[in-house]
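Quick one: the structure is below, and I'll ask about it shortly.
To keep things simple, chains are lettered A, B, C and D as they appear, and every chain counts its residues starting from 1.
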């Protein structure tokens, strides 16, 4: 064995079968390359300014904001699984809990990183904490995401400390031992924060009085999109987690969790998706028939511009909403792994499409009588930066899987599956 | 929004906002600090070593967790539930009373009846002056031979049973040797002296958890078997025991074996 | 004692915690935030008291009166001066950013000979050599200035030629000048008293004539009214800004202006819509209808509308005898609200000499695109290097507000005016005007001041007109010519009384043929410098408001 | 004093010359951008749009609509969204102020503005060597990465206030406070004044039957009024975009 392999081996938990060092390196290499390239692109944007992107005064939000909204929705699995396990005591989901934490951490930290590139003056980002405008959804989002990111890091800490070498250091081990007793508290806090900022992310667009395509009726201080986003996020979270675990199983060729756990995830996803689709349909009807016309915008106009025809609405609600919901709820389809995964994929696509419509179509549509319908294609810098986040996710998850007890020890003792 | 920002004036939103996020931060911080506090407490008390050991024990492969009485042949099969701490084993007396078969086993190395053996391949020798000498047994010695580097705690430092007594490095592998008993270090030796530590016991001495007599042979035999399996070259016959004795300087002679695994099992360090 | 890992950890933790109780992190935070709010490499405007100076824009012949805001000795803002009787405080879009022109990257900072840098002495030597070898031509872009006098007499002394590069508005008057055998510069448009304006593609609302004069007239009497006091009929192929603002827009096929004019004339004569008799144009209405793309009825109606509300003024975008001739039919020549005579001493320069020119010298007022005919050595004065210029010598001229000059009557003005523009800036490197250059060669030429004095004397002796400043002073109430010059130098503008419109005899022997020369309208056309102020260029680059201008090819 | 400064722009008098845009840029130290900049990445706090009635041929009519920040008085879209109070409404003047030193450039306000009257500094502001000496001392330059927009020439309001204060008056003389675009318009198409003052000619013009506002039904109470005698121009106010396009086909 080469020295590198020896060192590598030393960090892998005893009795865990992992790919050879060489194989693992080969797997990581392309992702690292992509990450490096993305970081270079982001560097360009930070150094030369956002003229490196294809965003403009009319398309002030682009690929990055879409990515942030999507990624954070996908990361909802983290808080929601924690919520299910610790608050609702759904113990059988415990095996996927650590995976959920890693996914969550990756998604949120990735989103924040991209945001830092997206804003024109990253060094002033902290001003939000100094002069916060309490009426802005974005303030709520900023506060919640920052707090929740801290929570996620803390939740990830115990998992990290379970690494074979780290736990040999007594103080680390003891801390982990003590800390993971209190993790339910964090899970509760995380759930609270997440419910809020997932909502606020929806609110971001629902409050845009100047953009009748996005503007929605308000309950109390929140537009309906606030609640729809929470619903869609907790609906897609489990599906995405399911896909991640399935992918991990496919790549490692091991059975990492019981099939029943995946089905359970699918079922939860399905039920919530069903509720979401119902709510979304009602909301859409109200918006098309009351909200929008009342400010002088005939609903059909929104769908008069290709490629954003009314088909997109159908796809969003029926094809990628109702259909997967049914597939996930029916026991017969859920029992088949193929159908289960297919439905999960549809669910994710549905939420992605929803975020896309809200971010991109909203800006593409004209508001003034003499506006045109706008087109926007992200520059390679934008795409590369986005790619870096994906690569970052894959790398962090791969490393975590290799060196940390993501799915508990195969030797079964799971009294120490640390959470989060 | 904060009072120290120019033109600030309180509104309901401010109160709500500040309260909520204040609470969140306080909760998170408290959780973190509380566990830090508890950790510090544990480290100060003696529990730390025990906690680490028990967690580590749980992760040992089952083959390394056999009860000493199985090794002595008193029982057929038993996995130790007490992390090798026979002092708290309610069945200890009962087992100890049982007769054991007389067997001749190829242990591959010599051992002495005067010494008390710890499952982490250290031995303890009670001295006349009430102190104890601690050393590595032959088995470990054959594996390691001459360590590249020795790292002892400073004199006067306390060691705890199952805690780390001292560290050695050999061919890039760090070896943590578990302490066989509680005590204070009086002197440190090394391979050349054939002993490593001289320890002044702390409190009443109870060495029940250390192996002696027939158990040692059984234990060493099973260890030898394990070693044979672990060091077997793929597709070749076991060729370690040369004329029934383990050949010396194994780590030097078989550099390509999976020493990480061997050492972890040998020194009970998962 | 030996430091264990534990001590180290505790130490670091204590240190980090402790730091927050020192002012250090907070000071750093403060500094960072301040730094992020003003980066040192972002230029900040100069501080200092702001004063306002009166000046005149010399970038086109209109000579708009300016109020220039000055700070720390530099112009920091420009606005129109309402006291000017013609421009009435209006400026063209380019004028508002003209104060940045002098720092334009293409500013000509040194004498250049065939692309290489040279010295003033070399340039002078070369020109003197040329003069000694043959006749030289002097081209002036803006006649009637004191400088023009110097240029002209130099040409006279060296039996060279003195030529004037006319602007489009001036060329449009050429046919009438010819028929009435009067100099072009003594003709003007009496816009204020006209009731109908028929424009054959003249960019009336987009840089035609004097900024402010017509636009204000239009906004007071025509804009947005269904039956305006002042009817504007815009005849041109594509809808322009003027077309949109006009009372009627008549789209016709490209290049058929002359034909339409002829057919209109035919109708006016045949149907006795006008009393004046003139030779019958050959063109038939039917033929014109086919060519122009209008219906015969439309043309007939148009003719009636034109004759209906007189005085009617017919304008063409450039020299076009057929169009100009309509004015004769409509009796708009030498009548109020038509083409009127104004007091102006300028005469059309003499014809070119027999033998070819050895060299030609172009004044900085000559449009950049001007290309002298024939092969000769070209000496080009310019403040900016617009590129793509074939001149052998490029000679740096004073930039915006750097040249003291006087301002004769602008084209299209109905009455004579005179003003003196001070230079409120000086170029940071050696520059010369063409006149100064020639004065060094021939000291007998009249200096700027001499000519200005003479002109003031003359105005004073005429005892006509008024000085427009903050208040108006009739020339008669002035004590001396010196006082007059004083008040002009202080930013006043002399405005002559309307000349008696009679005595503009103008007869047509036969109906003239049309000249298809057409110019696309834009503010940038009347603009002498080859470059535009960066902020004005924004219009073309950073908004879809304007298509990039085709500069006039004189 | 509590004023509602606003504009009434007579579109029939606008020739689309762009003088207002240039004057605005000069007054507010707006830099000319690199050659890569387009009409979508430009920096034009005052922007004149060219509009037509969609007809081709002789029936075609065109008009020009100058659009700057409308300083919405009600539920001002950009103010409520800004996460760090970089946009504020000045109660005493009704001017919506952008505070570039506090802006982090998230551009949320730009997506919120229905009039697209907000502009992002995509580039570092730059001037040819020496030209920075011609910047207007009254206005600070902005830096890359922040949003800016029309603030009704706030510097001019300030000097007017100082003048009033110096002469002991508490209200400013409107003759002293004329935004650059208003001053520049060669046809006097832009009227500026205090819409809260019934005697102000501007506020009277705002109530004329030809006056209208863009997207007034959004309920943001914009303070820029437009005026036109042409019905098709007035129709641009509320007609929703696609509908406008559709009718243009039918005409």
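Annotations for the structure displayed:
As a working rule, a residue touches a chain if its C-beta (ideal position, glycine included) is under 8 Å from a C-beta of that chain, and two chains touch if they have at least 3 such contacts.
Just so you know, these numbers come straight off a predicted model, no measurement behind them.
Least step count on the touch graph, subunit B to subunit C: 2. Path length between subunit A and subunit D in the touching-chain graph (shortest route): 1. Taking the mean of all protein Cα atoms as the centre, the chain whose own Cα mean lies nearest is D. Of the two chain pairs considered here, A-B and A-C, the higher C-beta contact count falls to A-B. Computed centre separation for the pair subunit A/subunit B is 43 angstrom, with centres defined by C-alpha atoms. Rounded to whole angstrom, the centroid-to-centroid distance between subunit A and subunit C, based on C-alpha atoms, equals 62 Å.
Per-chain Cα centroids separate subunit C from subunit D by 29 Å.
In this assembly, the C-alpha centroid of subunit B lies 77 Å from the C-alpha centroid of subunit D. In subunit B, 1 are the positions where the chain touches two or more neighbouring chains simultaneously.
The set of subunit C residues touching two or more other chains comprises 37.
Annotation for subunit A: residues touching 2 or more other chains are 121, 124, 127, 130-133, 135, 171.
A list of each chain pair in contact follows: A-B, A-C, A-D, C-D. Contact residues of subunit D toward subunit A in the complex are 34, 36, 38, 40-42, 49, 51, 65, 67, 75, 77, 80-86, 102-108, 110-116, 118-124, 144-147, 214-215, 217-220, 235-244, 246. Residues 1, 3, 6, 9-10, 13-15, 130-135, 143, 147, 150-151, 154, 164, 167-168, 170-171, 173-175, 177-179, 181-182, 185-186, 189, 192-193, 409, 411, 413, 416 of subunit A are the ones that touch subunit B when the two sit in their complex. By the touch criterion stated above, subunit C contacts subunit A in their complex at residues 6, 9, 32-33, 35-37.
Remark: subunit A residues 121, 123-124, 127, 171 touch subunit C in the complex. Interface of subunit A with subunit D (complex): residues 49-51, 55-61, 118-122, 124-125, 127-128, 130-133, 135-139, 142, 204, 207-212, 294-298, 300-301, 304-305, 362-363, 365-371.
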